[in-house]
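Got some structures for you, see below.
There are two complexes below, and they share chain A, which is joined by chain B in the first and by chain C in the second.
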Partner chain A sequence: MANIALEYKNVYKKFEGSDRYAVSDVSLQIEENDFVTILGTSGSGKTTLLKMVNRIYELTSGTIELFGENIMDLDVNEYRRHIGYVIQQGGLFPHKTVEDNIATVPKLLKWDEKMIKERTKELMELVQLDYETYRKRYPNSLSGGEQQRVGIARALAVKPRLMLMDEPFGAIDAITRSKLQQELLRLYENVQNTILFVTHDVFEAILLGKKIIVMDDGKVQQYDTPYNILLHPANEFVSRLVRSGDQFDKLRALSLEYLTEPANEEEIHDGIRIDGLKHLNEALLLMLQNDASHVIVIGDDGNVKGKIEMSALKQLLQ
Partner chain B sequence: MFDYFVNYSSTVIPSVIEHIEISLIAVAISFLIAFPVSVLVVKKERCSGIVNSVCNLLYSIPTLAMYAALIPFTGLGMDTAIIAMIIYNQYILIKNISEGFREVPAGVIESAQAMGMNKWQVFVQIEIPLAMPLIISGLKLASLGTVSGATLAAAVGGGGLGRLLISGLAMQKWVKVRLATLICAIIAIVLTAVFHIMEDRSLKNARGEKH
Partner chain C sequence: METLLKMWEYIASNPEQYFTSIWQHIYLDLISFIIILAISLPIGYFAAKSRRVSIPVIISVNIIMVVPTLSVLGLLLPYTGFGAQTAIIGLVIIGVPFMTISMMTAIRGVNPLTLENAAAMGMEPWRVCFDVELPLAFPTILNGIRVTSVTLIAGTTLATYVSAGGLGYYIVNGLGMNRMEMVYVGALTVALIAICVDLSIASLQKRVLNKY
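Then we have the complex of A and B:
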């Protein structure tokens, strides 16, 4: 059992002047190094749920614990420095260079210059921005996608205990968004961090999340793996929400592991092979192209991980 | 006119210096009052209505009426002139400075807080630099208004270039009037140019266009 990174215990939030709870009786645990997406429509409470964690919004009642510590007991500024935060328009400081933006938290923590420089360089490489080309540029001279890369680098600067992302790719064109999503996943594999990611896009929630929190009316409707949310929606709302998207989007978003089952020697021998990092849509395509009833999934290490049956795909699409 | 300047430089130059001095003091004190009030207006929206109404009201009082109202309390002299200008400047300065702070994008401030900056750090490192273009623009308008308004200081015995103007008019010595007007204009033009450069720099800084 992994460590619990973040725990909500009976959390309520009511904004001043409002007579309804934006977040109502939320209790859930987020495991360390999990990538959890919070999915919901506007007004569902998804952003409120996120922003209570770094105390941009203060909770009304209940407790939130980070690695077992009540966040209200911690010094707010000190605490926030160890929580990465990325928002829609990046929230970059327009009057600071890319380099200075990324160095914000290290500077607050009074790292020495050399260390800051090294870390900045490292982070820019991580988000694939060339250090020499970009370090002296200002946010306004960057594209939306580049700005978000800087935003992510800035949030990762001091190896945060938790990353909070509020629709970071919401205002970005589809092609760039898809690229950034892939890169975020790659980054997640590399840096191993607990990520809480708010989105209203069903596809994005499924694609990125190891687990999804579906929010509506301030309450958690379901908190489960993408596979279970798609196949076993907990209630009418979740069912309607996930059905609202394109059926094939589900395949595109789900990684092969969800349907991978053990295969015997004969199946391995006969089967067409597919790279384990691909998604279910590619498995379907491969089966259709080759008129096959199954494919063999190959892991990173070149070993067989198992098979995926056409019948399992059919069941998923029902 | 040039001859007049040379011949009477011993009276003209002190007038010019005095004029600049009155203006500087007035703008400096105006700013020292307007800046905290603007911050208060922005941070506490509740205060904004009352502050606006008071500023509007005061701004609409004609200068001579303002002097008449002040003289019983402050007497004749430079103080009265300076106080009047400070009162007028509040309207312009508070309007501009508060607008400057309001225009700082909420997401930028939120990010700064979320990075763990304390209130003071957010204010100094983020809000002030981003509000600076409008702060300077307010200072420009206030300074220009003050330099021209300061000519009326002579009406209450305040000195400055206004004294040259008034005595020139009284004696129908037009060269004196022209000279004082010209000097006023030069001060205004120089001020405009200086503030223009500062505004431009702060704008480039705030937008991140420095190279």
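Then we have the complex of A and C:
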């Protein structure tokens, strides 16, 4: 059983001057190193849910705990320095260079200069920005995608206890967005961090999240794996929301592991092999191209992880 | 050409007075400008932050702005008497409205999301203000400094009416004695100072803006 990184306990939030709750009776646990997406339409309370974590919004009642500590008991500035935060367009400081933007929190924590420089270099490498080319540039001279990379590097600077991302790819063109999504997943595999990611895009929520929180009307409608949300929607709202997307998008977003089942010797021998990091759409394509009824999933280490049956795919698409 | 020659002769006849006048002019501007900044920057800042401050500020600014410069000096004379102090107080009254409104606009122009983000990263409120908000508002604040300083340099020509010196001496006396070369010496020097100040602030502004 993994550690609980973040826990909401009966959390309510009502904004001044409003007569309805923006977030109402939310209780849920987020495990350490989980990548959780919060999915909902505008006004669903998804951003409010996120911004209460770094105390941009103060909660009306209930508690939020980070690794067992009530966040309201902590010194707010000290606490926030250990929470990574990425918003649309990165929220970079336009008057600071890329290098200085990334160094923001390390400087607040009074790291020495040499350490900051090394960390900045390392981070820029991590988000694939050439250190010498970019370090002295100002945010406005960067493309949306590059700005977002800097934003992510900045949020990761001090190895935060938790990363909060508020529709970070919302204002970015489709091709760049898809690239950034892949890179974020790769980054997540490498750095292992607990991530809370707000989006209104069903595809993005499924693609990135190991778990999804579906929000509507301030309440959690369902908190489950992408697979369960697609196949076993908890209620009418969730089912309408996930059905509104393209069926093939779901296959493109779901990784193979959801449908992987044990295979016997004969099946392994006969089956066409597929790289375990691919998604279900590619499994379907392989089966159709080869007129096969199953494919064999190969893990990172080269070992067989199991098989995926055509019948399972059919069931998913119903 | 003839006028230029006459102007030159006039200056050459008493260069000491000419340079003293320039110095007095700049001195009056500098002192009043420092006082204006000390008053306007904080008021403008808080007016941008809170409606409770901004409404009375905007109303007073509108009232002060309709009073002509010369009558400000006239109204002050019975209380503060002749001399530099009256000129300085008058200039401050004239300059404060411009600078306050510019400061308010500049602070309001900073993207609130950038500030929220700065706070979310764990910056203390004072650091958000000095490290993010003021630097981002700076180019717009410079706009206000530009307008205010040029207005002041022009307004200081009236200081001579309260015996505070400055280049207005040449204009007012030149007109009185009908010696146009005197008027030109005063007016052109004032214009030259104003243009120099304006251009140097503009170039500073450009340098800041080119960065981000």
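Assume the second predicted complex is superposed on the first by the 318 of 318 C-alpha atoms of A that agree within 3 Å, B and C clash if a C-alpha of one lies under 4 Å from a C-alpha of the other, contacts with A are read in each partner's own complex, and residues count from 1 in each chain.
In this text, a contact is a pair of C-beta atoms (placed from the backbone, for glycine too) under 8 Å apart; a residue touches a chain by one contact, two chains touch by 3 or more.
Since this is a predicted model, take the numbers as computed values, not measurements.
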Quick one: on chain A, after the overlay, do chain B and chain C clash, or do they fit? Just give me the call. clash
For A:G299, select first, second, both or neither according to whether it touches chain B, chain C, the two together, or no partner. neither
Of the two partners chain B and chain C, indicate the one touching more residues belonging to chain A. B
By the touch definition at the top of the document, which applies to A:N140: first (chain B), second (chain C), both, or neither? both
Using the superposition on chain A described above, determine whether A:I56 touches chain B (first), chain C (second), both, or neither. both
Look at A:G91 in the shared chain and tell me whether it touches chain B only, chain C only, both, or neither; answer first, second, both or neither. both
Should A:Y79 be classified as contacting the first partner (chain B), the second (chain C), both, or neither? both
The intersection of the chain A residues contacting chain B with those contacting chain C is 54, 56, 77-83, 85, 87, 91, 93-95, 104-105, 108, 138-140
Under the definition above, what is the set of chain A residues touching chain B in their complex? 54, 56, 77-83, 85, 87-97, 104-105, 108, 138-141, 154, 164
Along chain A, where are the residues that touch chain C in the complex? 54, 56, 76-83, 85, 87, 91, 93-95, 104-105, 108, 138-140
For chain C, which residues are in contact with chain A within the complex? 113-114, 116-124, 127, 132, 135-136, 211-212
Of chain B, residues touching chain A in the complex: 105, 107-108, 110-118, 121, 126, 129-130, 205-210
